[in-house]
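Two complexes come next, and they have one chain in common, chain A, joined by chain B in the first and chain C in the second.
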Partner chain A sequence: MLKILRDLLRYNREFAAGVALLSFVVLVAAASFFSPYPAADSFVVPPDLPPSWPHVLGTNSRGQDVFWQLSFAIRNTLLFGFSVAILSRIISLVVGLVAGYAGGMVDRVLMSINDSFIVIPLFPILVLFYFVMRERMSWAWLALAMAALGWAYDARLIRSVALSLRTREFTQTSIFSGMSMRQILVEEHLPYVLPIVFSTTMNNINWSIGLEVTLSVLGFTNVDTPTIGMMIYWANQHTALVAGIWWWIAFPVALVVMTFIGLFLLAVSMNEYIDPRSRLARMGA
Partner chain B sequence: MRAYSLYLFRRLVQFVLVVFIGVNIAYVVTHATPIDPVEQTVSAATSFGSTSPEAIAMMRQSLRELYGLEGGPLQQYAAFWKRVAVGDFGPSLSAFPTPVSQLIARAIPWTAGLLTVSTLLTWVIGNLLGGLAGYYRRSALLRFAGILTMGFHPIPYYIVAFVLLIVFGYVWPVLPITGGAEMNLAQAFDTTYAGSVLVHSILPVASLVLVGLGGWFMGMRSLVSNIVSEDYVLYAELAGVDRRRILTSYVMRNALLPQVTGLAMSLGAIFNGAIITEQVFGYPGIGFLLVGAVHAGDYSLVLGVTAVSIVAVSAAVLLIDLLYPLLDPRVKAQ
Partner chain C sequence: MAPTGTQAVLTVEGLRAYYQVNTYGIEREVRAVDDVSLHVNANEIYGLAGESSCGKTTLVKTIAAAIRPPLRVIAGSVSYRFGDRRVGLYDLDGKELAEIRWKHLSYIMQGSMSVLNPLRRVRSSFVDFAFRHIGKPMPEFLSIVETHLKRLHLEPSVLDAYPHELSGGMRQRVTIALATVCRPDFIAADEPTTALDVVVQKSVLAMIRETQRAMGASMMFVTHDMAVHANLSDRLGIMYAGRLVEEGLTGEVFRRPAHPYTAHLIASLPRIGDTHSREGLAGAPPNLADPPTGCRFHSRCPLAMDACKRDVPEMAWISDTHRVACFAAKTGAPA
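And now, the complex of A and B:
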């Protein structure tokens, strides 16, 4: 495992760049534990100061230091992305492995449901969800709703791998040695799909963070939890751009774009590493 | 021909299933949450000033009917389906007494136009560039185009739209940043109105195209670079077939098939993007209507937009699926 990481870092520039970007983002998020001000407090520093020492990224119109606010926000945003990704991974693993292994009618029914989930436009449904929940809408509820809606695409991918695993000899051997379906799926097939699961996790985190930012910017989430979307929301509420307080918007946008590109690079380089053909092409070139 | 009708039948069943699941999710979301939407709306409406108890009771009654909370669970479920099937979501609460269906009908042409133009542009440009980049691997220009499109790919619609808005609205104000057409311009089929619609659509379309390009580019490039090493391509090259002809009718045509399926599968996501783009640029389509309805607390309009978008997106997917046999004759011949 460590050796793979070292090789990836040395020979794959995309992977190295992705790791560097994400490490920076995680460092900013970790800084929030040392914040001198509580996240929810406002008017703790003079408002509307441009970036300068000691407020490196300036202060906003709510009297908060943009840097510390940003580090709280990115921490919550990352946590949100991870929770959605982990929850939805569980669903897509179960559906994908079972459909691929069982085949026949089970496969057809599961994949029809799966394809429906891929096609259905999720955004109006999430907005409807917020509309019904209103003040009770919290971070955890949104994560749950998005995990329940966002598993389908990856389940299809996992199924396609599981389909080919089923015809392999070791699956037959395990059946003959009396392993149950659950045992075969968990002990034999799961290790094979884990690399794909890892790369789809990156894409899923990107997807969920993107939706969360969008929903928060429109004001469709709990306005009190600081996330990147919430920062942009408050900046828009105070018409920061018209007032010339660009640092309130520019820094959150820059940091979230770094997160997206970092995760995307990791996913792409992982995909390339998993596919032996492109790995050979890279080594030959 | 039998294979074709079997194909048609399966697509139709899938369409029905998508609508069924989508509407059921909408039903579960509105009915299984721990919050009573009626009491919430009533308390929101009565928090300003005093209202007589009789008026509150009347309001509660009409809201309960509107939300479909009358009768047992089965009756509620049937009533919900009936409203979706007929397309009657009652009067809008925020634009009373205009029916919801009328508001949606007014907004749909804008969204449909925006989506059709931007999706086609994205798909054609992305596949063309990706195909060329996969075939001419050494071209520096195509490689640069690849880096550019892939750089935009992971950034969500909202951020790209927002940055475009800042750049062309504040930093270098050359393009209109809000609305579907010039204000106080009469809606007519003449050149001034059409030109105004065109100019207003540049930024929304640009943001959708920029974000969408990368996905098609990457998909097409890897498909083409796989097909290039197939035996029949090598054979055609050895036989001296014109390179351009190999690219178009040997390589691209085969690579396009999974991309068409991909287009059908990604329509839902593209629709999400369009909703957000409309909100950022104040484009008078479905998305703008939806966000406005949420802020106004207009339940029937939110539900109507959700149901209509589920049906519309799955109908568009069905349309693509029905056109698929034109590209792939194997579906018909089997």
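And now, the complex of A and C:
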């Protein structure tokens, strides 16, 4: 595993660039643990200072240091993305593997639920969800809601692989040797779909962060938890661009764009690794 | 030899196994195995031959209890004798079946080159498939596996390899090791050597024979390759269109084929020094979803009589060890 990582870093420029970008973003997020100011406090520093020492990214109109705000925001945003991705991956793995393996009625029922989730429009439902939840709306609820809406495409993808796996001889042999369905799915089929899942996880993180930013900018989330979207929301509320406080918007946008590009590069290079032909060429086989 | 010897390990009686499909209200039935009766004696390799789509694989699946819908057993029985125990395969519940499989009854599947999961090491495949059936602690299990691999001329280091790191012949031997590691009483082998070239095939066949002799197992060996049967099988059964048409000691069947289909099958084999071009048999095998009346071979048979179109010929003994389902053979006409 370590050798694969080293080889990828050495021979795959996209992978190296993606790792570098994401490492930087994670470092910024990690800095939040050393913040001198609590995230929610306002007017702890002089407002509207341009980037200069000791406030390297300036301060905003609410009297907060943009750098420390940003480190809290990116930490929450990343956590949010990972939570949504992991939760939705679990649902899509279970649904995809079971539907593909069991077939018949189970497959038909699961896939009709799956297809319903593919066709329903996400955005209006999330806005509706916010209006229903209102005061109780929190980071965790939004992550749950998005995970429940974001698994369907990948469940179909995983099912298509599982459909082919269940007709292979090793599956037949597993059944013949008396392995249970759970054992076959976890021990024989899961290793097959994990690389695909890994790649779609990157896409899913991108998707969930993008949607969270959209919802936050429009104010459809809990406004007290600092996220990248929330920073942009507050900057808009204070008409930062009109007032010339460009650093309040520019830095969060730049950081989230770096995150997107980093994840995208990782997904692309992972695809190259997953494709058996290019992997074989790399292995010299 | 008596029709159903008491020493028979496997006895199949009047077996019918059909594929039944119901798609959008249209029912279709493919009679892949129709009224087959046979037995396999202890320590014997029973060869099963026939052209593609004649029901060989279906028959093996059925006697190994490896059937899944749409394949269903419609009638007949499959029973085994393991030691002193007699079991009817389709009288067992799932748990009893699981106990018998692998330990007493093992199955080498068609395309057995891909029995090993390409993403798991050979060791994991052994643990996944065979560990539960041996019932010994892990270190002891692994030493049993290693001893067994050595018997099949494989290094214990193959356990740490992935299947793609092994050659075709090695993979085939690993697969056979996997099927025989629990020392089963009966092995059903479905074309286990078809994917190999003749040189590797020869050594794998010799190894199968050696292992079977050493363990005292019985075996049903399926292949369309008559040369393999001539080398390996003790007795030979010929299938045509879902039915057993002839059965006898291998030498007997090759020397004096009684069924016209067998005669054509054997006449089609090339011989060294013979420059005659081989005659193909006119026509095609019948559609098993709509089999012809009477003898299923009558439309292609050079000896066909009126009775062949009307009545189904029963299996009849023409010597102590040789039986055939053909009206022409019964009336004594040389095939």
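Definition applied: the second predicted complex is superposed on the first by the 277 of 285 C-alpha atoms of A that agree within 3 Å, B and C clash if a C-alpha of one lies under 4 Å from a C-alpha of the other, contacts with A are read in each partner's own complex, and residues count from 1 in each chain.
FYI, a residue touches a chain if its C-beta (ideal position, glycine included) is under 8 Å from a C-beta of that chain, and two chains touch if they have at least 3 such contacts.
None of these values were measured; they are calculated from a predicted model.
Please determine, from the superposition on chain A, whether chain B and chain C clash or fit.
Fit: chain B and chain C sit side by side once superposed on chain A.
Would you check which partner chain A:R168 touches, where first means chain B only, second means chain C only, and both and neither mean what they say?
Only chain C is touched by A:R168; chain B is not.
Which partner chains sit in contact with A:F131 here, chain B, chain C, both or neither? Use first/second/both/neither.
first
Identify the partner contact of A:N206: answer first if only chain B is touched, second if only chain C is, both if each is, neither if none is.
A:N206 sits against chain B, while chain C stays out of touch.
Going by the contact rule stated at the top, is it chain B or chain C that touches a larger number of residues on chain A?
Partner with more touched residues of chain A: B.
Taking the superposition on A as described, I'd like to know which of chain B and chain C A:G178 touches: first, second, both or neither.
A:G178: touches chain C, not chain B.
Is A:E187 in contact with chain B, with chain C, with both, or with neither (first, second, both, neither)?
second
By how many Å are the closest C-alpha atoms of chain B and chain C apart after the superposition?
Result, nearest C-alpha distance in the overlay: 10 Å.
Can you tell me which positions in chain A touch chain C when the two form their complex?
Per the touch definition, chain A meets chain C at residues 168-170, 172-179, 183, 187-188, 191-192, 285.
Taking the complex as given, what residues does chain C use to touch chain A?
For chain C paired with chain A, touching residues are 64, 66, 98, 101-102, 107, 109-112, 114-117, 119-120, 124-125, 128-130, 132-133, 164, 178.
Taking the complex as given, what residues does chain A use to touch chain B?
Going by the criterion above, the answer is residues 112-113, 115-125, 127-134, 136, 149, 153, 206, 209-211, 213-214, 217-220, 232, 241, 253, 256-257, 260-261, 263-264.
Which positions of chain B touch chain A when the two form their complex?
Residue list for chain B touching chain A: 13-14, 17-18, 20-22, 25-26, 29-30, 33-35, 37, 40, 151, 153-159, 162-163, 166, 170, 264-265, 267-269, 271-272, 275-276, 279, 290-291, 294-295, 299, 302-303, 305-306, 309-310, 313-314, 317.
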